[in-house]
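Please read the structure below before turning to the comments.
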Amino acid sequence: MKKYGVWLIGALGSVGVTVMTGGLALGRGLIAPDGMVTESKPFHDLDLAPLNALEFGGCDIRCSTILQEVRQMISECRSIDHLLVAEVADQYESIDRRIKPGLALNCGTAIASLDEFQQPQKTLLGEVEKIREEISSFKSENNLEEVVVVNLASTEPLLNLEEFHLDLGAFEKRLADNHSDNIRSGTLYTYAALLEGCPYINFTPSNSTLIPALIELAEKEGLPVMGHDGKTGETLVKSVLAPMFVSRNLEVLSWEGYNMLGNMDGQILNEPENKACKINSKEHVLTEILGYQPHSKVSISCVPSLSDQKTAMDFIHFKGFMGAKMSLQFTWQGYDSLLAAPLVLDMVRLSLLAKKRGESGLMPQLAPFFKSPQGVDEYDHFKQHELLMDYITKVKGE
Amino acid sequence: MKKYGVWLIGALGSVGVTVMTGGLALGRGLIAPDGMVTESKPFHDLDLAPLNALEFGGCDIRCSTILQEVRQMISECRSIDHLLVAEVADQYESIDRRIKPGLALNCGTAIASLDEFQQPQKTLLGEVEKIREEISSFKSENNLEEVVVVNLASTEPLLNLEEFHLDLGAFEKRLADNHSDNIRSGTLYTYAALLEGCPYINFTPSNSTLIPALIELAEKEGLPVMGHDGKTGETLVKSVLAPMFVSRNLEVLSWEGYNMLGNMDGQILNEPENKACKINSKEHVLTEILGYQPHSKVSISCVPSLSDQKTAMDFIHFKGFMGAKMSLQFTWQGYDSLLAAPLVLDMVRLSLLAKKRGESGLMPQLAPFFKSPQGVDEYDHFKQHELLMDYITKVKGE
Amino acid sequence: MKKYGVWLIGALGSVGVTVMTGGLALGRGLIAPDGMVTESKPFHDLDLAPLNALEFGGCDIRCSTILQEVRQMISECRSIDHLLVAEVADQYESIDRRIKPGLALNCGTAIASLDEFQQPQKTLLGEVEKIREEISSFKSENNLEEVVVVNLASTEPLLNLEEFHLDLGAFEKRLADNHSDNIRSGTLYTYAALLEGCPYINFTPSNSTLIPALIELAEKEGLPVMGHDGKTGETLVKSVLAPMFVSRNLEVLSWEGYNMLGNMDGQILNEPENKACKINSKEHVLTEILGYQPHSKVSISCVPSLSDQKTAMDFIHFKGFMGAKMSLQFTWQGYDSLLAAPLVLDMVRLSLLAKKRGESGLMPQLAPFFKSPQGVDEYDHFKQHELLMDYITKVKGE
Amino acid sequence: MKKYGVWLIGALGSVGVTVMTGGLALGRGLIAPDGMVTESKPFHDLDLAPLNALEFGGCDIRCSTILQEVRQMISECRSIDHLLVAEVADQYESIDRRIKPGLALNCGTAIASLDEFQQPQKTLLGEVEKIREEISSFKSENNLEEVVVVNLASTEPLLNLEEFHLDLGAFEKRLADNHSDNIRSGTLYTYAALLEGCPYINFTPSNSTLIPALIELAEKEGLPVMGHDGKTGETLVKSVLAPMFVSRNLEVLSWEGYNMLGNMDGQILNEPENKACKINSKEHVLTEILGYQPHSKVSISCVPSLSDQKTAMDFIHFKGFMGAKMSLQFTWQGYDSLLAAPLVLDMVRLSLLAKKRGESGLMPQLAPFFKSPQGVDEYDHFKQHELLMDYITKVKGE
């Protein structure tokens, strides 16, 4: 059987260890594929990479082990079944060895403070070279056909794009000049991944990764890529409910969303500059779907006791017949990493499929997986879902 | 300007008086068309009956006036703006005169107890004749081009269909024999409406109205008809959220819905046999969308203090990645009659359009307006909505 | 150190195994005493039985083991920490040996169907004798100073009290006559416990246990007893919030409570006759506190996926200044057995204290622990709590 | 019949016009006294000022009329019954004439921007004199026995107390020196009220009014006073629920409160410096009751569509037996001004009673009406309520 690599940036974060634990459990047939879109009926005839063909590796700026991180999740919120962990833990150690010290360059103070390696800085090209070697070794040492790189690192502050971010030539010149201002580690990882021939998925809101210059590179290299910001909870519900109001010609007056979570993601998002980046990604969904801007606020609080159990309380005030005001409230309580992880595995498989089919550049068919799907103007969840369904119908028809 | 009639069965119920009050206000341009689908953008180029061309009439088994009913709604739940009522009330009296004493035949004890006229019983055909004359007079006295009949009467107990309900010939023989067992007033109204050449809409869950024999008649007479059970609140949200779980391959474990309302509808639905009919209509939506039957309960309580302010609290338990259980709760607080009324006006206009276009029998394009759209297997709200959008695209293209 | 016995009727139910697991963990100092009232500050100087002095035993009509039941709870709702179980499981086996086959006599079909022993029926006095021997052996074999008997069995159908339930002499005559109509197993257990000199706590809503005849016996024997129906969740919140409306002179119009749970308790309460008994206990709280009867409904649904995670959604509609209607909703999500278990341990200790102090008959100081505190007319939680605080102040002062 | 005056600072705000409208309706017997504590049973024998003996006057910095403000409230959120307004509106005009242009001195930019009079500034003592004359004229022109002054003005930014705020002599010297730094209009109003012999109630969170220097003056002048921040909604519920967790020894891990409202209060509280003052008053309640500081955040958002319909969504995470995490959520939907107004009337009557009884300085018996009752360390609502009950028992006993 051919094997495929999944190289995770931020591998030891809660999404990362959940992807790996779940991936191992699925590979061994220990769990049902709940939450995996590519295991639902419409995907059954597609020639996707088998779940037991996936091998995991990656990098992280924190010094830990998968087992330690998983145990902490269980201790804090009991999201993962300890019996399952007991059955796959024998593979953790070999994966731990494939997780390399990560780089945190120009990512803001919140992320910098997590960096437990503080490695001596190389030149920009030196860093790129180091990452390429890590990916390359992962591939060769594990006899992998392909490697998909997925960014699961903490949300960075919003990057103001400069000229050189928009043009591949200008970007490469900056690297060659070793001019590191506004060059972030995320950008270097993406660049390295593409040079190594890897499809790339940006699961985070950070806008430093799939900058126009690198989308240009992906197109040039024939590599499929997609971002950004995995749609897992409140925004998923929002992108489902907002079209309902449109279909009934009910005006949304106010949509107030309060998000609480307590894991590392929550801690980083407690920093104003990092939170701004996330909220930026969440907020426009509503306006895009409704066609106007209601009063709306998206709030994110770090509530440590919740750990990975993301709780979102939304209040929607709308105007009905004869101007009467009515409301809809919802409370979403989901384990954030367990909602994200299957989507990561789905996108790894769909990226491998796209690469096999010779597709390059952005993958609009992955729109339903993202809060801010790059290159796609559609935010209505079911219309995004149709993009995916149409795609697989087309693939099956060929 | 041509004028069109709207003949409401149960005209003095809260939906009925809201339809008339809102219709008058819209006709005079006093309110924005919030909640009216046919006033949203995609419908702008359609040649629909103008809102100021609608005239109202109908029947009711209770003896009251529109003003009295509207005042009670305002007093109980302040759903309707009293200033608006002040502006249209001058027309109430002339409409009141067009509202005839209604018939309650074999509708169960709860509805029978509302009947304030207790008119001497005619033969079945005598009753049909009486209704036909009422509709016919409404039409001629008001110079109406067409009349659409809409059933807004209280929910009846579920009717067990017999042979004669399924075949027009057998049905007409029963009428001729004046054999009234299992012949309900709703059936007679529908029969009379069709004989008078009126499109017919069953906005209630009662299954006695658009029985197969009468759908056969509608097809024969070239009349568009549709039912049943207007989708206004909890089921609307349900038909929107359930597909989300399908699209993410998340198994719904339990979906418990608690509906509270206090108007006449709530009082009638407090009767077990009437409630059974309503719940029957609400419950299958989930199974149809999900493709399996989760644990599910739909509860309806009469809470008088809420009056028309329908409050639904739903708890959804679902299974995510690695079998973890997560939840979504929602609370819907909407004025039931104000959610229903614009849909009634929408369907009147779309029925008139269908008749003008020579369509006959069931109107699948109206599926998104119903909990149990007759002749349509689709319960996903947005897929139902596409049926409507596809229809108007087709109409516009002709 | 002196040792004290806790003899649980229904020991293998989820509350029972939680009491034992938590009791063992507390005895070994493995957990903090969260949720235990007798470990809070005001109780610090009381001479209560140390938590490591408690020994567990009892009976059950189901054939299982503590470990099996605890594992099922963890598997179904992850309420209990598996690491904690691993630390105390070595003691399970010896306790399992002290859990005797239980008796299910005249308890209704739902409970009868759980009986896995179906032991040959003895005479009534023969059954009493058997239970006395079991308690007596538990005491002597474990060198226990005292034994407290706690009823944790499933909720029975409501018992209509007859003359003989009200008078000890008449009751004992019925036993002697072996006339078993309307004699339930719960009654026999209580009788046997009192004859063995044990304080007795009825944690369930079943009204067959502390019948007047047996309260008379308790008084005669100098034994403290109390019931019924442990106040753990929705009713706790209700008894806290209702007085708020009184204190502000706000009229409660409607209070609708929807309780969902999925454990054995939920399954038994799904039976109409068993549910009636529970609801009877829950419903009067409101009327007693408010001094009038608002529209109110208490609904209990068995939702298997929730297992022990009791979820209650309450909607409270109230009338404020100038008659305006306002609302308060709450959703309570708690592990029912983990809310109940510490109260059981609290009451065991307070019963031992009461016995040592020579108190006999009902213990009004335990009112805050019960939905329907026998012999106490106070339902306001904080006023009940003051009964307890006043009691311990008195005890400390002596 | 003797008459009593109620002089409202911020009379044309939503609380002010609700106090006056409700007061008039109560005086005429048009409504039941829902929400008025002093009309509940325990107060029946007290010799309180009759509700029809109250006359209203005051000041405001906005130029409007009572009718205009009430109509806007009705139009925005239908909180007040328009039929009721029609019955009392004949008295509005004479009250309007008693409402004088208000002063906004050093209250921050948000409040300053509301000032529609922008009157030429007098000296500090000149302003005091002007206010005294207004109160004095109100009293003499209406033959009032007493006048109670109530502060209902918008929340100011938090005032950092200086030396002169703490001592009456120093304070009066600052006035004489006309040194206006950190002298706010609220302080001048309070000073003038006390010099005019009026009991004074600070219903707002602003800490500039009952500064220590003026409490000293109240004591010296024999005047009862109390503040601050009326407890009407979320904090009321909080002060009721938090003691429940204490009584069960359940540790509150996190208590996140999201407050949404859209009236003028909401708009002013949208300003960071004004909001800080409010949150300061709301936040300490929890810590005081629990005895420790859980993770807690109080958020206030201005959601214009809600107008006066304050909506608070709270999420409470707590730790139960064996460390298990559980939660309680609540959603409070109340009309803020209708919750506040009856408390204002209650406190006016209780202040008149206190003055008649010769009480001076702070009134601890009013603690249950305030979020931050000055001079009282008790935050448990029911213990505060007992202070009031004990007080009236004492009064009745004399």
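Which chain is which? They are A, B, C and D, in the order written, and residues in each are numbered from 1.
In this text, a contact is a pair of C-beta atoms (placed from the backbone, for glycine too) under 8 Å apart; a residue touches a chain by one contact, two chains touch by 3 or more.
The structure displayed is predicted, hence computed values, not measured ones.
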Chains touching both subunit A and subunit B, listed by label: C, D
Pair exhibiting more inter-chain C-beta contacts, A-C or A-D: A-D
Homomeric contact subunit C-subunit D: same or different residue positions, threshold half: same
CA centroid of subunit A to CA centroid of subunit D, Å: 49
Approximate Å spacing (C-alpha centroids) for the pair subunit C, subunit D: 45
Residue list for subunit B, restricted to those that touch at least two other chains: 81, 319, 329, 331
Residues of subunit D touching subunit C in the complex: 18, 21-22, 25, 31-37, 39-40, 79-81, 84, 236-237, 240-241, 243-244, 246-251, 319-324, 326-335, 338-339, 341-342, 368, 381-382, 385
Interface residues, subunit B side, partner subunit D - complex: 75, 78, 81-83, 331
Of all residues in subunit B, those that touch subunit C in their complex: 77, 253-254, 256, 258, 260, 295, 297, 299, 301, 303-306, 311, 313, 315, 317, 319, 325, 329, 331
